[in-house]
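You will see chain A twice below: alongside chain B first, and alongside chain C after that.
Entry: the complex of A and B
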C-alpha cells in the first residue's frame, strides 16, 4: 500500500506548495508553521484538491478518510445520534468514547468545539481506512483528550496515517517525520534518527538532541525517559 | 476588576468571583463553560441570572475586541484588507486614517503579504492572525480571545502573545488549551463543569497540577534542566 507524490505542486495565490515522496503504512507526522501548506497537503492527499502539477499515484489504497481541521465542516446530521450513525457506527459506544453519553438527541452545534472535535475523531478513528489524513486533530482538545486521541491514532499504524499538526508536547509515537521548509514538504526520515533534523521540534527536545540524547520517539513518555537520562 | 456575582447561565454556576484586570487566562476541560463565560464577558449574551461588571461597566457598554475560536466566523468581508479596515469604516474614520492604521496593524501582525487575498483561501492559522488584527485595530478596552491559539504553531503563538502585552489593552481575557500560554497570564481561572475550581496567579493554580497534563510543559522542561523556549 502506498501513496506517492511525484513532483507535485499546488498553486495557492502567489505561493507554490511542493511535495515529492512516498507515504507507506505507518504514522507520518507532518510538521509546519502557520500557512506553510499543511491543510493543502492534507486536502490533496485525501483527493479533495487536485494538484496544479505533478502526479499522485495510489497503490492498494481503496478507502480514504480526512478529518478536517474544523470539525463543523464534516457535520451532516441534526443530532449526535444521527451523526454517529451516518458513519455506520454504534451510537452508544462512540458517544461514550467521546465523553458524550446520553446526549444522542443533542444538536451537534450545541457542543463546544473541543467536544465536537473529539466526537469527529471518535467516529473517524473507530473505522479502518487504508489512508487516514488527520488535519490538526489536537486543535481545541484539552490535554486529557489529546492523550486519548494519541492512543487512538497509535492503534492505526497498519494504515497510512498522515498526521498534520503543530502540536509539540502531546503526540503519539510516530514512524516517519516530514517537515515544511518554507512551502516545500521535505522527508526528514524515520524516527528516531530523523529527530536530530527536526527544525520545528520543541526547544527541550532540541536541547536533548544537542546533548547527544536522542529520544526513542516523541510521545510524552519517550521525552520523559530521555530527560531522565540527563539527570542520571 | 471583573466582578461576577450570582451567575447562572447554561452550564455556568458561579456564585461569586473577583478577577483582577490585566491578562486573564481561562482554562479547563472541553465543555467546562470557557467559551460561554467569554461570550458573557464580551457582552454577546446576557446572563440568565446574576451579574457581570468590568470596572464600573456592564460588558455590553464597553468597546470589546473579540476573536472567535472558529476563525471563519469572525469575518464579514471577502478580502483581507476590507475585513481589517471594517471596524474603522463602521466608526466613520477618515480614509487616510484608515489606510494608515490598517498598514500599521498589518505590519505589526505580520500579515502585510496577505492583504489582497480572499479570506477563504487562507489557512486556519492565517485566518486567526487576520481576526486578531481586526479585533485590535479600533483600540478596544477589553480583548476577548476564545482559544485563538489552537490554530497556531508554537512559534507564532508565542510571538503574538508577546505582542498582546504591548497593545495597551487594559484587560485581555483568553481561554486556551496551551498551558504555557496560560502560565504567562497575571491570573488563571480553572473551570470545571461550569464552576470555578481555582483562581489566582499561574504559579498558584497550575502549580497544583504538577502530576497532570494541566502542568505547563515549559515548567517541566525547566525542572529537567532543559530550555523551555527556542
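Entry: the complex of A and C
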C-alpha cells in the first residue's frame, strides 16, 4: 500500500502549498504551524480536494477515511445512535467507548465539541481503513482524552495513518516525521533519527536533543524515559 | 470589479437593458462575456446555474402553449447570468458598506446588516451542503433522493442555530440600531470603463438601432 504525492501543489488564495513524498503503512506525523497547510493535505489525501498541479497516486488503497478537524462536519444523522450506525458500527459499544452510554436518542449537536470529537474518533478508529487521515484529532480533547486517542491511533499501525496536528505534548508513538517548512511539506525521516531535525518539537524534546539525548519516540512515556537518562 | 458601487450600477442598468428586449439582452450578454470574470467565477462555483432550471421549465411551458418563448428565454437568461455574476463577484461586507454609504449610518447600516446576514446565510448553506456531501462520500452512503429529507432538515436546523448565534453576537456587541461601516471603495480605470460601457449599453438598448446609426452619421 502506498500514497504518493508527485510534485503536488494546491493554490489557496495567495498561498501555494507544495507536497511531494510517499506515505507507506505506519503512523506519519505531519507537523506544522497554524495555516501552514495541514488541513489542506488532509483533504487532498482523502480525495476531497483536487490539487492545482501534480499527481497523486494510490496503490493498494481501497478504503479511505478522514476525521475532520471540526467533528460536526462529519455528521449526517439526527441522533447519536443513527450517527454511529452510519459508519456501519455497533451502537452500544461505540457509545460506551466514547463515554456516551445510554444517549442513543440524543441530538449529536447537543454534545460539547470535545464529546463530539471523541465520538467521531471512536467511530473512525473502530474500523480498519487502508488510508486513515486524522486532521487535528486532539483538538477540544482534555489530557486524558488525548491519551486515550493516542492508544487508539497506535493500534492502527498496519494502515497508512496521516496524523496532521500542531499538538506538541501528548502524541502517539509514530513511525515517520513530516513537517511544513513555510507551506512546503518536508520529510524529516524515520523516528527516532528524525527527531534531531524536528524544528517544531516541544521545548522539552528540544532540550533533550540539545543534551545529546534522543528519545526512542515522541510519546509521553518515551520522553519521560529519555529525561531519566539525564544525570546532572 | 473592485468597486461594489460601480458593480451594482452596472448590474442594475444591464438587467434593465436585458429585460427590455432581445437587442438589450445581446448587449448585456456581450458585457458579461467581455467585461466580467464570468468563466472563472462559474468554474469556482457552478451551483447558482441551477437557477436556470425554473427558466427552462417556464420556457417549455411557453413553447407548448405557442407563446413567444425565444424572447423570454434570451432576456431572462441574460438577466440570470448578470445576477449570478453579481452574486459571485460580491465579497462579504460589501453590501453593508454600500447601504451605509447610500442611506447613512442608521437606516443604511440596518439595511446593509440585514442584507449581509442574508448573503452570509446563502454562503453558509453552500458550505454546509458541500460538507454534508463530503461526509456522505466518506461514509460510502449514496446521497440520493432518500437522503434529501434528512439533509434538508439538518440544513434548516443549522440555519436556525446560526441565526441564534448571530443574534447573541449582536447582543453581546451592544447592537441596538444603526452603526458605522467604515466604507472604503477601491476602484480602477477598468471598473469605470466597464460600468461606462454598461450605461452606454442601456442607452443603446432603448434607442432604436436605426436612429442610432442616423445619430452617428
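One rule holds in what follows: the second predicted complex is superposed on the first by the 230 of 232 C-alpha atoms of A that agree within 3 Å, B and C clash if a C-alpha of one lies under 4 Å from a C-alpha of the other, contacts with A are read in each partner's own complex, and residues count from 1 in each chain.
Convention: a contact is a pair of C-beta atoms (placed from the backbone, for glycine too) under 8 Å apart; a residue touches a chain by one contact, two chains touch by 3 or more.
Bear in mind that the values here come from a model prediction, so they are computed numbers and not experimental data.
S.K.: Thinking of the overlay built on chain A, is A:64 touched by chain B (first), by chain C (second), by both, or by neither?
M.R.: Touch status of A:64: second partner only.
S.K.: Chain B or chain C: which reaches more residues on chain A?
M.R.: Residues of chain A touched, chain B against chain C: more for B.
S.K.: Is A:22 contacted by the first partner chain B, the second partner chain C, both or neither?
M.R.: A:22 sits against neither chain B nor chain C.
S.K.: For A:39, select first, second, both or neither according to whether it touches chain B, chain C, the two together, or no partner.
M.R.: Touch partner of A:39: chain B, not chain C.
S.K.: If you stack the two complexes on chain A, which partner ends up touching A:141: first (chain B), second (chain C), both, or neither?
M.R.: The first partner, chain B, only.
S.K.: First (chain B), second (chain C), both or neither: which does A:75 touch?
M.R.: A:75 sits against chain C, while chain B stays out of touch.
S.K.: Return the residues of chain A at which the contacts from chain B and from chain C coincide.
M.R.: Shared contact residues on chain A: none.
S.K.: Applying the document's contact rule, which stretches of chain A touch chain C when the two form their complex?
M.R.: Chain A reaches chain C through residues 46, 48, 64-66, 73-78, 86-87, 109.
S.K.: For the complex, give me every residue of chain A touching chain B.
M.R.: 12-13, 32-35, 37-40, 69-70, 72, 99, 111-115, 117-118, 136, 139-147, 166, 168-170, 200, 202-204, 206-208, 220, 227, 230-231
S.K.: For chain B, which residues are in contact with chain A within the complex?
M.R.: 28-31, 34-35, 69-70, 72, 117, 121-126, 128-129, 147, 150-156, 177, 179, 212-214, 217, 221, 224-230
S.K.: Using the touch rule from the top, collect the residues of chain C that touch chain A in their complex.
M.R.: Of all residues in chain C, those touching chain A are 131-132, 134-139, 141, 147, 150-151, 153-154, 157, 161.
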